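Shown next, in structure tokens, is the structure this report addresses.
By letter and in written order, the chains are A, B and C; residue numbering begins at 1 in each of them.
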Amino acid sequence: MKIIISNASSEPIYEQIGRQIKAQIISGELKEGDGLPSIRKLAKELHISVITTKRAYEELEKEGFIDTVGGKGTFVAIQNKELLREKRMKSVEDMMADTVTEAKKLDISYEELNEMLSILYDSSED
Amino acid sequence: MKSSMKCCPFFMTAVKIKVKETSMINTLEISNLAKDYGDFRLEDVSFNLPQGYIMGLIGPNGAGKTTIIKIIMNLVMKQQGQVKLFGKDHQEYEVAVKKRIGFVYDTPNYYQHLNLRQLKNVVAPFYENWDEAVFNGLVNHFNLPLKKTLKKFSKGMAMKASIAIAMSHHADFLIMDEPTSGLDPVIRREVLDFFREFMQHEDKSILFSSHITTDIEQVADYITYVQDGRVIFSKTKDEVFEDYALVKGGNDLLDEDTKSALLGVRSGAYGFEGLTHNVKGARAVFGDSAIYDPASLEDIMFFTGMKTRKVL
Amino acid sequence: MLFRLVAKDFRANGLYLAISLGILFVLNAILSFGVLGSESGPVSAGGDAKLTVAIPMFFLVSVLGSKVASLLFLKIDDMSDSNTFFASLPVKRKELVKARYISSAILACVALVVLLLATLPAYFIYGASYSETFSLLHYPAFWCIFLLFIWFSNSISFPFYFRFGLARGVFTVVIIQVLLATAMVIILLDPDVREGILDFAEGALDWINTIHIALLGLGSLGITLLLMLGSAMLSVKFYKVRDL
């Protein structure tokens, strides 16, 4: 697991943690049942407040990404395959939305964008 | 550190159930504390520290931080209000609660003619829970000499020695007055790292005062800001940094009305800079033409202290 | 806990204790030589003068020295600000006060024993011409009276120390002593009063002489201990609410 916190960012720290853990679960870097560090361990390592890590974990738990088993620790939740796929699709969609916004700013037409996409898609190995 | 293991199992389960019910136990509860020194008054001081967290007590020199800590330790007598440690009155159960406290105070200059081992031999008999192994561990961890007289200790070594002495009886609550002031940055970090390590146990708590804002920004979960004997705020660090912000903009944005939305303003030739404790409210007043920067604790101290400084 | 507190003082301040007692020993040993030396030498006007200085000096050093020694731990704690530290330990303030009384009483004993021992070297060297004056010093009642006097005077002054702290406490006690002495002098200026007091003192002494010596000793000890107890209670009351 890798988490990098920026103090200069306007994004709250708990969101930074949540986003990065989510990304690693979606990408498959963190697998079902993998243990996560305790909130205290994580707070110590990242030099942030326990309250912040706690909040990040609570949000992740609410969204169903992780489970906290009392006394045992926190684990990556057993994901519903469909749900996970949906979530990963959603993240692709989000990125595409960003791409579209950016493209529109540069007056790139739909055709041009489509062309760029197909080239990128073909040249990508996997 | 496994002091809790020694407790009887019935007691343990009872406490555990209670944790789940209330979900939060306060290690320290202070309400309506008052103390009048004539030239200085502590007034209506109230705050709580939940178990498992670090609280930083911050404020300018002479704000009343040391007095608050001394009242908690019953070294100074309060005139009004209540102090509860581990849910018990700090005077009625003085001995019982002090057994669970590790206290480090400002400039430890007692018994300078002894060496650390001798000092340990003086202090250890007072604690039933004294753990020689923990003490030796800390002495090793901090690289402290046992046979050198304390007189020859540097400030950093003296502070670390105090911590080692205060922490070897499995204390649940560490109370420290200015533990990091006067220490060089390397040792400051070492001490702060020790706090973080100590807090790996969720039944522990720390209260420490400091006028070094960055230390508190680095380790505290809760921040209590004291000024002129009063508590300005006591909340989680996250809340503080979400609520407070620096507003910067051109002087044209500033008039009597907009000024009142700020806690303190400093305006120069090219623009102003002010503090708000309500970012949303400030945005409504100043709009998008102003810049909203995160405020550091130092900014908060500087701007909130402004009003009083001007009067003086 | 009380024992631990008393032991703590001796353990922590052993070095200072040894130094202080060492100084007392040397001082008294020199004085003893002074007393014996002047007595055993050829009788001369100079010798007599020396003797008249040496004997009061000897008593002064004994009483003052052991009195100061009995305050040693109080002084050390006051200087190093360790009062705050020890009050932060899981100990009742009452116990802290009691321990102080006990350790001071013990210190006074120890100091007097050391002072007594300090007379021995001179005694052994000049032993052949063991003098009348010097034999006074080895009269046990003297030392007992010294001890009771120190206990008595400490009992009176301690509540002030615990109320105001050592420095301000000593100051207060000295002021009170000066005021009392001045009042005494003013009262004694009246010859009638002087006469009356002298008569009373004579009567009292006569009465005391009729009491058995053992009873007298026990009585004085009892009164001193009672005073000490009352004093300790007062000190506890003061110290319990003092801001440290």
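Going forward, contacts are C-beta pairs under 8 Å (C-beta built on N, C-alpha and C of every residue); 3 or more make two chains touch, one makes a residue touch a chain.
If you're wondering where the values come from, they're calculated on a predicted model, not measured in any experiment.
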| item | value |
| --- | --- |
| Chain pair, A-B or B-C, that carries the greater number of C-beta contacts | B-C |
| Centroid comparison with subunit B (C-alpha atoms), farthest chain | C |
| Separation of mean Cα positions, subunit C and subunit A [Å, integer] | 80 |
| Euclidean distance of C-alpha centroids - subunit A vs subunit B, Å | 35 |
| Distance from subunit C to subunit B - Cα centre to Cα centre, in angstrom | 46 |
| Residue ranges of subunit B in contact with subunit C within the complex | 70, 73-77, 94-96, 98-99, 101, 103, 105, 108-114, 118-119, 121-123, 125-127 |
| Contact footprint of subunit B on subunit A as seen in their complex | 10, 12-14, 40-41, 43-44, 47, 49-52, 55 |
| In the complex, subunit B residues that touch subunit A | 52-53, 196-197, 199-200, 202, 218-221, 236-238, 242, 294 |
| Subunit C - residues contacting subunit B, complex | 1, 4, 7-8, 11-12, 15-16, 77, 80-82, 84-85, 87-92, 241-244 |
